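Consider the two complexes below, in which chain A is the common component and chain B and chain C are the respective partners.
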Partner chain A sequence: MTTRPRPKVAFFDFTSCEGCQLTVVDLLQDHPELLDAVEIVEFREAMSEKLPLDERYTIAFVEGSCTRASDEARLKSIRERADFLIALGACADLGGVNTIRNVMPLQEVREYVYGDKADWYETYPARPIKAVVKVDAAIPGCPIDRNEFAKAVTHLLQGRLPNLPDYPLCIECKALGTVCMYQRGQACLGPVTRAGCGAICPAVGYGCEGCRGFVPSPNLASMREVMREAGVGDEEIESRLRIFLTYQMMKLEGVTS
Partner chain B sequence: MSRVHVDVHHLTRVEGHGNIVVDVRNGVLEKCELQIVETPRFFEPMVRGRTYKEVAHIVSRICGICSVGHSTAALRALEAALGIELTEQTILLRRLNMHGEMLDSHVLHTYMLIAPDLLGVQSVVPLAKSQPEVVLRALRMKKLAGEICRIISGRHTHPIAMVVGGFTHTPSEKDLLYLRKLLLDARADVDATVDLFASLELPAFERETEYIASHKDDEYCYIDGVIASSEGQTWLANDYRSVTNEYLLPYSTAKRARNLRESYMVGALARFNINFEQLHPKAKAAAERLGMKPPVINPYMITVAQVIEIVHCVEDALELVDQLLTKGVQWEDPVAPPYLSGTGVGVCDVPRGILFHEYTIEDGVVTGANCIIPTGQNLQNVELDMRALVPKIIDKPQPEITLALEMLVRAYDPCISCSTHLLDVEFK
Partner chain C sequence: MSLRIMPKSALKAWIQRLQQRSFRIVGPKALHGRYVFADITDPDELAIDYPTTLSAPKQFLLPPREVLFSFNADTMDMTAHIEAEPTVLFGVHTCDMHAIQLLDTVQNNGFADQHYRARRDALYLVSIECLKPCSAQCFCKDMETYSITETYDVHLADMGDAYAVRVGSDKGEELLAGFTNIWEGADSDQQRLNEVMSQKWQNFEFRLDATLSQLPEVLGAAMHSAHWDELGDICLACGACTQVCPTCYCFDVTDEVDLTLTHGVRLRAWDSCQIEKFAVVAGNHNFRSQLGRRQRHRFMRKGKYQYEAYGKMGCVGCGRCGTTCPVAITCIKTFNHLTQESAERQAAVEVKA
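Our next item is the complex of A and B:
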């Protein structure tokens, strides 16, 4: 065990399922030594300890989307205290499934759940955290890939930002020898989605849903064309593009929520 | 004037955001609330207008801890709506997957969220230093749980391969033999878990209430079944609304429920009380060793009921794996729906209790959705427990009162992200 001061790592959550933080807990199954390399100073879901207010976080991981005005102040105060602020998972990185409702009239959404009590509960259109604060890097996916997280922590501890593959998922499917989902006549966002997960969904027979976000220059037109040729209907294609990527699609289409 | 004021903002070691607020003036309990301050999630409106095929993967994201439960409940509801009969193999695989999640969640709760209180530390982190063998055992058991889910549905959290009508992937014989070995190896850890909790003392506090769980006569039931009450009545899944009777309170984004009494409890202790007869014999033996005999009405014992379910799930998972190995797993195309319109209810008893999903589908498109979450059903019961507990401990120092209340809420294993995205008001 080292006696040097260890980097202080904290976890925070906004609107999310907390599955990415649970994936971090799962990572400890194989890497319990991580607890020696860093000092986890805050992790509300798993512990009661808190860092004194005048101390800084070396790395703050933030899971979840920003979905109400009162989230912004908390997010900004985390940013001010953090050397690195990292978006953890699709909700923080992309907005993710939380943004599905952004295309729907907000009041209708609220009333569908809370009826005539809709105004009791604060909300606004969901956004990725980079819409509110500067984010140093993201660990993508729904949920995150535990090995990618471990690698990112290693990089951050060396003082450099994690780098993500900027090639599409198709590369990983080919490397694995997975039969193309298009040959099975199924929807798949592999050609436009950032690799790094090991293409696990196609590997078990389900087309990619794009939870890791787009590659730098996604060729949507070409992907749509190939999918149509494979027999996937337009509605299914467009719907698939709006599970994790609604926020990005609205931006591409120039719609602001 | 004497005043006891407890204000726990963002309770730790629970899933999601909740506050405990208690105010006692001159011996009178003026305020006693479990406030749910998690942001609203709005899953039900979000699946409306989408194809039924996407629902299970979207609602899985309600919760990272019970994603298999949400997916399974959604699939059962969609399958009921569309008239789909599952194959025996699919039923076995889904049961096995649910055991994986049950183990995962219960190990997380008993070891990482509850044990620190009983061992006098703030979290599992100092425990890793003082009793590393305890933490390493928990991590081994969690790994087993994760491996079950990964092998059956492609990923530990958020199942991929479970779809309407079946699976898009089946485990190989080699995968199943690997699981069998992990399960056999886990027996020593399971025994040590029972020993650990037999040696720990939980707070003594009792309050009578109603217990609700799903029930089958021939199986300790986590998927399907009728809705059973400790008051002796049962209801069909389709009649779930007459059990849950939901209502709203302004300080909580989660809806509450009541049935035959002022409140009811769901979860491991409710299942233990209602379905004791259906537990695996080894789980019954563990219950005896842990001093548990139904009915148990101490909510702190939810944790011990979870330990008993850990025994059950490991033993039942072994039997399921053996059945799958004996029959041999074959590739099966998911069963296609005979029609594309209808309404269906899915009921599962997930780690935190009975869960209901309901969907209406018109020409393959979802037009109505409703999810009723275990934590929401428990909230009123927790609050009534708090009201009953505070007068009994009012003379203790305030930190002790706070800890007792925190431990009470934590015992219920609240899954607050889950509970805050509740339902529709009216079906069209």
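Our next item is the complex of A and C:
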């Protein structure tokens, strides 16, 4: 093997469940060669060391969404120190499940979660990190797909941005030979959701919930009609479109937060 | 070609025998109340009387994803991956046989695709006569694909308690070699088969308003039809229609290397003309960015372009795209709509004249 300088890689988290970082830890168990290819300089999930403040990260992976004003300064300082900043998972890339609350009055949400301590906690409508800083690429999914993460790192090592699928999930689902959820009387967001997960939800009998985000030009009017035809009520259609996709939906509808 | 007779009860024993001879057996199998082509381990799983499958059997010739070759990026050593396991494909309907014939023509054209060639050579086709239409969406009578092509190895026709068996090639003889529960048909068997066949034709109806020979012209005249944008408005660009189509063969090629950046593979995977980036070329220009244009392209391929290039229609009338499409865009409706438009244009011209 030719020796190449090892890029300095760091992981950071904002509002998230850490599932995406855990997926990376999990990947390291059976791909130790990743540690030969990169030098991990910060990773709270796995080590306590930190990179000296005057050094740069070659690649900063950021998990989680921005949910309070004070997140922004930290995120911006990571951006300044990183050659590449990559959103890791649905929370960072889309805002993810954290954005469900964006359609509700914030104070109510706060009180629901923190009760009489509500005012102790700072918060604002959740947003993907690209709403705050420039993001070079994203690894989609809730959680990310471990193989796709390895692929993305490989592409970055080759000096190019990750080339990950953004075509609809149905392409993967059909290639697998799965019987379509609509033919089993259930709804699925596959036609408007980007592929890459291997269409795992339909493969085990669940309609896709869109955790990887929309394809570049989703035909939502038609998608809603298809779900309606499948017997899904309007309210449920809207809530399905808002499990992972609230932020994207609000953007498409011209409502910004 | 002489007629042979195999009792239906012998099918299982024949399959078991082929399995013992190390053939991979694939065929129609029930799944969630539908049918798919899949590996048959237990002969009882084979649903040879299936109506139709969701996807075409092309996956055994052109897998959804395959490694073409592996390479070492440091030494530039390359190793071709041409794998083909002797496989018997059971229960192929006549429309799918026509589709395989088209794939053969396309893949053997110019530089034959060696990966396809190897799989095709190792694939044994046991087709079965369709005695009635397989779905509400099929229109094989219109596409002239409801009788068998010459390319079968063994062809079966259901005669109630027995199959009328025709052997079409040496490969077919190879499949039956040493199998004894089959015998030469008598004149009375031939007569019975003739009866079955004469009843068959009347079970099928024409479902298109245009004839096969009119279709390329109807499509040619529809180049600027407003209907494409009507389809584009409802189409989800999900690509399901092309994935399940027995004649769609478009693919994408990518290289993937491992984390050491040393060992890699070149992959080929199914692509679809319906997805947004299919026609993106250098400079990020997309010459088919509109959905309506992509629909037009698909139907032109099916009813015109393939015919002009290879003398065979790109649509064999299997109806699968119509069954699978979430927004019910179907060949029958589309072709008939365009035929109607064409007739209206014609009438307008005649009124003027």
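One rule holds in what follows: the second predicted complex is superposed on the first by the 252 of 257 C-alpha atoms of A that agree within 3 Å, B and C clash if a C-alpha of one lies under 4 Å from a C-alpha of the other, contacts with A are read in each partner's own complex, and residues count from 1 in each chain.
Everything that follows uses one rule, which is that contacts are C-beta pairs under 8 Å (C-beta built on N, C-alpha and C of every residue); 3 or more make two chains touch, one makes a residue touch a chain.
Because the structure is predicted, anything quoted here is derived from the model rather than measured.
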Combined model on chain A: chain C and chain B, fit or clash: fit
First, second, both or neither for A:190, with chain B first and chain C second: second
First, second, both or neither for A:77, with chain B first and chain C second: neither
First (chain B), second (chain C), both or neither touched by A:182: second
Contacts of A:151 with chain B and chain C, given as first, second, both or neither: second
Touched partner set for A:217, first chain B, second chain C, both or neither: second
For chain A as apex, the angle formed with chain B and chain C - C-alpha centres, to the nearest 10 degrees: 110
Partner chain(s) touched by A:174 [first = chain B, second = chain C, both, neither]: second
First, second, both or neither for A:107, with chain B first and chain C second: neither
Chain B versus chain C as contact partner of A:14, first or second or both or neither: first
Touched partner set for A:37, first chain B, second chain C, both or neither: second
Least C-alpha distance (whole Å) that remains between chain C and chain B when both complexes are overlaid: 11
Shared contact residues on chain A - chain B and chain C: none
Complex interface listing, chain C residues touching chain A: 31-34, 36-38, 54-55, 59, 64-65, 74, 233-240, 243-244, 254, 256-262, 269-270, 272, 275-277, 291, 324, 326-327
List of chain A residues in touch with chain B within their complex: 14-23, 25-26, 28-30, 32, 35, 40, 43-49, 67-68, 71, 96-98, 100-101, 104, 108-115, 117, 120-123, 142-143, 200-201, 203-206, 209, 235-236, 239-240, 243
Interface residues, chain A side, partner chain C - complex: 1-2, 4, 31, 33-34, 36-37, 150-151, 153-154, 157-158, 163, 166-168, 170-171, 174-177, 179-180, 182-184, 190-192, 215-217, 219, 222-223, 225-226
Chain A partner contacts - residues on chain B that touch it in the complex: 10, 12-16, 38-42, 44-46, 48, 50-51, 54, 57-58, 61-65, 67, 108, 112-113, 116, 122-125, 128, 135-136, 139-140, 142-143, 146, 153-158, 160-161, 163, 167-169, 248, 250, 253, 417, 421-425
